[in-house]
Structure formats: structure tokens, C-alpha cells
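Note that the chains are named A, B, C and D in the order they appear, and that numbering of residues resets to 1 at the start of each chain.
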Amino acid sequence: MKKIINNVEDIVPEMISGLVRTNADLVKQIDGTTAVVRNDSKFKENKQVGIVSGGGSGHEPLHAGYVGDGMLSAAVAGEVFTSPTPDQIYEAISAVNQGQGVLLIVKNYSGDVMNFDMAKEMAEADDIEIKTIVVDDDISVKNSEFTQGKRGVAGTALVEKIIGAAARSGMNLADLAVLGQKVIDSTKTIGIALHAATVPAVGHPGFELADDEIEYGIGIHNERGYAVEKIRPAKELANELIEKIMNEFPDQNGDFAILVNGMGGTPLMEQYIFANDVLNELAAKKVKVSFSKVGNLVTSLDMEGISLTIMKADSAWIKYLNEPVTTIAW
Amino acid sequence: MKKIINNVEDIVPEMISGLVRTNADLVKQIDGTTAVVRNDSKFKENKQVGIVSGGGSGHEPLHAGYVGDGMLSAAVAGEVFTSPTPDQIYEAISAVNQGQGVLLIVKNYSGDVMNFDMAKEMAEADDIEIKTIVVDDDISVKNSEFTQGKRGVAGTALVEKIIGAAARSGMNLADLAVLGQKVIDSTKTIGIALHAATVPAVGHPGFELADDEIEYGIGIHNERGYAVEKIRPAKELANELIEKIMNEFPDQNGDFAILVNGMGGTPLMEQYIFANDVLNELAAKKVKVSFSKVGNLVTSLDMEGISLTIMKADSAWIKYLNEPVTTIAW
Amino acid sequence: MKLELVDAKKWINLFVEKLEKNQTDLNELDTAIGDGDHGTNMKRGAEAITAAFEKKDPENLSDLYKATAFAMIQKVGGASGPLYGTAFLDMSKAVKTDNLELGDLLQIGTDGLKRRGESDTGMKTMIDVWQPVSDALKVNKFDQKVIDNALENVKNLVATKGRASYLEEKSKGHIDPGAQSSAYLFESLIEIMGA
Amino acid sequence: MKLELVDAKKWINLFVEKLEKNQTDLNELDTAIGDGDHGTNMKRGAEAITAAFEKKDPENLSDLYKATAFAMIQKVGGASGPLYGTAFLDMSKAVKTDNLELGDLLQIGTDGLKRRGESDTGMKTMIDVWQPVSDALKVNKFDQKVIDNALENVKNLVATKGRASYLEEKSKGHIDPGAQSSAYLFESLIEIMGA
């Protein structure tokens, strides 16, 4: 394993330190934590519902890169692929509460759900009103009442954008939670990997793929997917993912938003080529794409791969998606 | 080689198509070319000197990602690692000329210099006033009157930002060229690679490094560097590069700007850790960092690696660097 | 049988030792069906427990379990932090006034896991080790075999909770990392009880 | 000796064939000391030349060289596009009224390369093939040996222009890709002259 790091144990604090020091006008670190909170001038002036997200590190720029006016109020970084602890989340909640309550945006992993839950209980003891929405956009995993359910993956960035914009516009906590759930229900993602990520403490890739193989349906923590197949031209990959995702939308009229997301080790060049194929295929299917975004938004360390997110969006959401924000990475 | 592409010959047109279709509010493609030009509403209203850059593809988001209000007027994309042809550059010049002349920002490679020169001759035949600045920030290569000289690498993004902001503020062509040359002379970069890039038409990495080796002084086209050594902790890498770069600055008082640049296959996590070490070492050396930026700004396909750019900047340049822009990727 | 402070402290210390020794193995188990960090997580927890004990030597059973719980909750994160943390926190509360039989104590811990994880036996998690161990202790039939059988059983289960559940059928044939770290906990207990 | 239209067309067509056949080899040479695209670039140029000839069959020498030049300038890019383009454009201009001795014609092309590249012999570029070939033709001593010697010489040079110059001393021992593609050009010429 070759990585530009120092000690494996220092990865997250050093990364957060690098991030806040190179963006001091936008964010600051909460003392004694790896949580990052807005530091812009508007933050204290315009009171709003606090929006806190977080999770394991390794998905940068998620979440700290989305802290800023119009998006998150704070983000909490756990160890690599490890949910942050409740006390850190609690600190972030306390730092952003402006009396109108705090919405927690959690990706659906048992660790994240449990730690955010414990933090919520701690904050409620301080009479802070808390609501939680749990993002589970990854349709490569079967859903069921009796299982962990679907994972939260790249769609999280879109959820954070919409909720952040709505919160800035003055929406109250209860309405934000309702909106958030609606957005989540309308957001579907599948990812593919060409090469697995290497967790620094493990030192080798999470799984091996042959030189001509890709894995369909991977998660953002090296979770294996539903099929290993030969790699195919980008347009066939795009068609395959679109097919799977569009099956989830009974009503294909109206506005859709798309996100083509690089997993960390895949160049922008390939992401744009893939996006071009996605737009071709959606046009052929007469699906109206009213918002699109391409880039490394929700990564998985050095994984080579890509994910496609499609959201059935109403026009207010499209407006929220398009609104300018002041963040490091949106 | 596993890449998310279709035919190798279609890489650049499909990439540009994906980029413009997902950013239609910002940029449009010039018909029959792979040149991208501003498409925002301010473009026609506020007349200014046109700023055109370009070069081989594979360095995304450079240059098309920097087209927009406050940065480039147009960008011309050549084939992968191949300078664009004069006719394409000429089209871009013609599209952005608003009567105040056009400045060409060229990276110092013989191909780029020659093709931009030929385009300049073509445009001058139309009575368009043209000036050229040639970026050569890579200090890992020895300079001499009798050789090709230094390469243009990541510092190009900073040059484009400063020149773009100055042009927006109304600076005239002659002054922009003088400013550009001053900025270039004050900008120094060195890069390291952990893994070479794979040119799609070649199909294998440009060179091989052992599992514990890195190469110092690589270029952004897989050009080999000046030394192969064992990988070391990030802070030692940072110190080594800083040492080399700061030697180039006789006067180390005043403001400096830094750019920590990912080469395409290196996660943001590692870039922030490296940036943290860079800031530590510069602080120890009492160098005043007044602007810093971290990210995949000037890449080399899927190369794993990082580069450090340090610029001795005056306060006007810092202001230009900080000004907001409306581009895809800055 | 009940565990008094001295032995309980030895128990936790032995657990800590095993976690530190087996970090890589736990990471590898988690790499196969999860995200590769369970060993690193538990190692961080182990160090936090040691630090807590050094900072303030627990003076009674309740403090011991509470310090263990807090170390887990505050330093581990992931799924295992809140799970182990909740189990030990509930155990700490249960022994506040009176010590309990080990089987009853661990049942309280197991119930904590189930509550926190919204889960139960048969889902291929650490609960599939905690529950049979608690059951065996209640009827005084606890030995290494109980742990071995539990792990064997866990191996053949299809995961329905935790990260391994995304693999569905493919999770079969792998030992759940949390089950393995719990096995270390209860192997430490055997060593104490034997002594 | 002078080349008339029919033979000159055969010459360029043979060159095109060689470029199409040797794309990979040229890319590999360029991978070693450049950026790996010279074969792809020249292949694109070759296809553009063919397309240009198909679109309009050149009716005189000047048109032939001009069409070759324009194909190179408009479709190749990189360093080789303007270089080959300028050489052939200058050659096209030179034969506008009268045909020239091959040695003089190629000297004009070589001078075009030097002007465009701000370079000269000894810098490990295609010029190190063009110049000796021009010289040999001028004294009627042109054969395969001239090309072989030129390539051998190029191999031992340290590059001071083009991408290979960044490698400094390490560029030694490698054949310059542009020198190799120029060797194909002049090997095609030998085939024509021999016939």
C-alpha cells in the first residue's frame, strides 16, 4: 500500500486539520473533535434550523466539503469507514443549534444510525429539538423490514443540497424532516467498481477484480455488489444502470435530477464520458433531466468506479439544487 | 487497462459533450470543435480582454472547468496529452474576441507553443490583437536558453485564476501579459507520482514503480522525474518539496499562495493530510501563507500522486485568487 | 457464579490484550464481509479502556463496567462502539446495588445489544455469541465448546443486520467480525473462571 | 533526382501505410521518453491524409504536399502536427512553379522544422533524420544506411528539445519517436526510388 499519509491513527485528525486550515474563511473545527462547523459571517446573522451530517471518513468531500451557507451547518468525521462517536455528534449539534432545532442527515448504516441516535438522546436532554432523516438510496441492496435495509450512498450529497437550501430559506424543522424523507424516497443510486478501495489500516484492496472485470452494486465502504462481469463500453454500463434505476420509478414524467459520481480513483474524463452516455440514454427514454452534476462528490478512498444517482424531483427541488452555495466542494 | 470509455478515438469529443451538456448554463461548445466557451449571461454584457487557454486532454478539470465569469473565456481541448490544432484554437479566439484583444495562456510544451503560435498568426490575419504568456512553473526540470525549458503544470490553474480576475476587472491586454509573466515567474511547482497514468491508446501505465517507490519530479504527461525513492511519511515528502521550491525564492518575506494538487487518482483525504504538513513546515519556516487551495485541479488521467505549487504573491494577486468565480471546477 | 471486582478487572484486561493482539485478524474478517475496520475499532476501544483504568482505577463493579462502556461509546464509533457500549452500560447499571449471577448479567448485556441494534439472534451478529454464552452460564454449562459452537453457527448464518447483510446469501461461510471479538471477550472469561 | 506527382503520391501513401501499421510501436517509443501519443497522433494524421486525397485527388505536386500539410496541421496537434505540417507546407510552396531536386526540397522541409521548432540538429528530434537524409540526397548517397545511421545517432543523443528533454541524460539510449516516424517517411522514399 502506498499512501500519502503519516501514522494510520492520525489520518482523520490530520485530514480535518488540513481541511480547516486551508478553508478558514468557510469552516472551523470544534475543539477536541473532528467535527467541522460553519465559520462564515452569515452563519451567526441568519438564524435557521441547524443541519448536521457526518459519518465515517474516506468519502471526501462528503461531508465536511458541504458545510457552508446553503448546505450543512456542521459535519462530523469518524475514523475511516467508521461512524463518529455520539459525543462528537453531540458537540456539533450544540454548536449549530440556534433555537430552531437541528436536523440530522444520517446514511443508513447500523453504526451511523446508532451513534446519531445516542447523540440525539444526549442533545434532547439539553432540550434541543432533534429530527433525523436516514438516507438509503442504494437500490443495489434489497430492502426489507427485517434487515438493515438499503445503504446511504452518493444520493446523500443531493439530499444535503436540497435540505440545506430549504433550511436557509427558513423552512422549519418538522417540514424539513418531511421534505427530507420525500427527497430520499425519490432518490436511487447504483455504483460499480473497477478496483476496490484500500483501507489504510488493512493495507490491501477490499476485494480483487480481474483485469477485465467490474463489480456491479458496490457500496461506498468496499461492500461487494451483486455481480462481477466483464467490463463493457461506457454506454452499455450507463444503459444497464439506468435500466435498473428507472425500474424503480413508476412515473417517469416530470423533472429528474442526475448525479454522476466518481469514487475517488476515477478521472473526471471518464465521469464526463459516462455522463454523456447517461444523458443520451435518458433522452432516448424521453426522461426530462432538469439538473445534472458530475464529479467526485461521495467517494470511497481510492476506489476506481462510478455511481449513478437519479432523483425524481419537483420544480422546487430543482430550484434548491441550483441555488448557489458557499462550500468547499459542492 | 480498465477505463469507463467507449472507443478510444471518441474520448475527447464525448468528454466535452458530457461536460457542456451537464453545464449548459455555464459553457457551450463551439460547433465542429472541442473548444468550450462561456455561455453565461454576463459574458456578452461585460466586455473584456478574451482569455483563452487549452492543451491536451487528460488534465481535467483544466482547462474547460475554469471557463466562466472571472476566469477563462474559452478553453480548447486537444486529444489526450496532445496539443489542440491551430484551427480549433483560432475558432476559440474568434469566439471570445470582444474588440479588446485576446490573451493566450499556454503551458510550455513544444506542441502547445507551436500550435498556439500558428493560431495566433491566423487570428492576427483577422486583425485580432493577440498576446501569449507561457506557463513554466515546474522546477523539477532544468531551465536553459538552449533547451525546451521548464514545463507548465499545476501552477497554470493559479495563473488562470489571477489573469481571469484581472481581465474581469478591466485590465487591458498589454498589462495582462505583463502581469501574467510576473505571476509565472513567481510560481514554482514540483510533483511526485506513486503510480503512473495509463494513456488510453497505450493501454498500460507510462512507467512502473515498485510497491514502496515514488518518483520525484514527474510531469503531468507521465514524463519521468529526477529520482525514484522509497515512499516516506507525508510530512517528509512535504518537507522535501518545500525545501526544493523555497530555494527558488531569494526573498521569503511577504505573502505566499499555495496549491496542493491531486493528480487524478489520489483521494482528497491524502491531499488534505499533505496540505496540513505543508502548512506546518511553512509555518516553521515563518513563511506567510495568505491563500491556499487543495484539490484535483490539474490532473494527469489516473495518475496517483500530488504536486505542490508555491507562489510568491503580492496582495493584489491574493485578492484576485480569492474573488468568487462562476466556473465548473475552481 | 458471580464475578467480583478483581476478577472482572482481569476479565476486561484480558479482553483488551486479545483485542490488541488480534487487530489484523478482526480487520480481515471485516474486510471479507464488511468494511475492514472492526479490528482497528476494537483496538481503539481497548486502548481507551486501558487509558480509562489508568486515569482512575475502578473502585467497584459498576464503575468498571461503566468505564468500559464509556471508553467504547466515546472512542470506538462504528457499529461496535454503541453496541459494546450499551451492553456494558446496562450491565453497569444492573450491578449498581447488587452483583448478579454471570448468566443474568450477560443476559442484560445481550438485551442491551438487541435494543441498541434493533436486532436479535439469527442475524449473524455478535448477539449470536452473547446469547448462547448467557444461556449456558445460566445453566452452568459454559465452556469453550459453547463459544466454538456459536462461532460455527454464526459462520453458516445469512446476515440480516449490519454491513454483512448487504451481501445476502454471500455472507454465508464467513465468521462475523463482531461475533469473533465477542468470542475473545468470553474466552477471556473462561480464562478467569478457570483460574 | 526529382520526384514527379505519381511517385510522390506513392511516397506519401506508403508513409501513411507505415504509420497505420506502426502506431503501437511509435506510442511505445513515445511512452519511454515522452507522453505516449506519437503513434496515435501520426495515425490520425495518416487517416486525415487519406481522407484529403479521397476528397480531392491532388492534381499537382504543390497540391499534394499542401494537402499533406493541412491534414497534419488540422488533425494531428501535439508537436508533430505543426512540425510535419510546416515542413510539407514549405515544400508545397517551393514546388509551386518548378519542381526541385529531392535534396533541395527536403532541405526546405528541414528548414521548416527548424524554424517551427526553434531547434536544430543534435537535439534528438526528427530533424536528426531529416537533415542527414537531405544531405545524402544532395550528394546522391541516400540509402537505408543513412537512415539507420541517423537513428543510431539519435539514440545516443541527449534530448534538448521536445518532451524527451525533460529526461536530460536519461533520454540517452532511446530512439526519438519523431525520428522514427521520419525514418518511415524516408524508408517509403527508398521504396519509391528503388522501384
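Please note the rule applied: a residue touches a chain if its C-beta (ideal position, glycine included) is under 8 Å from a C-beta of that chain, and two chains touch if they have at least 3 such contacts.
For each chain, UniProt lists the protein as follows: A, B = Dihydroxyacetone kinase subunit DhaK; C, D = Dihydroxyacetone kinase subunit DhaL.
All of these numbers come straight from a predicted model, not from anything done at the bench.
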| item | value |
| --- | --- |
| Computed distance of Cα centres, subunit D from subunit C, in Å | 74 |
| Distance between the centres, which are taken as Cα means, of subunit B and subunit A, whole angstrom | 29 |
| Intercentroid distance (Cα basis), subunit D paired with subunit A, Å | 53 |
| Subunit B-subunit D separation of Cα centroids, rounded to whole Å | 31 |
| Chain contact topology (line, ring, star, complete or other) | line |
| Inter-chain touch pairs (all) | A-B, A-C, B-D |
| List of subunit D residues in touch with subunit B within their complex | 27-28, 31, 34-37, 39-41, 44, 73-83, 116-117, 160-163, 165-168, 170 |
| Subunit B residues within the subunit A interface of the complex | 2-7, 11, 14-19, 21-22, 57-58, 60-61, 65, 194-195, 211-212, 214, 231, 233-235, 237, 260, 264-277, 279, 292-296, 299, 301-302, 304, 306 |
| Complex contacts: residues of subunit A adjacent to subunit C | 8, 56, 78-87, 109-111, 114-115, 117-118, 141-142, 144, 146-148, 151, 199, 201-202, 206, 219, 221-224 |
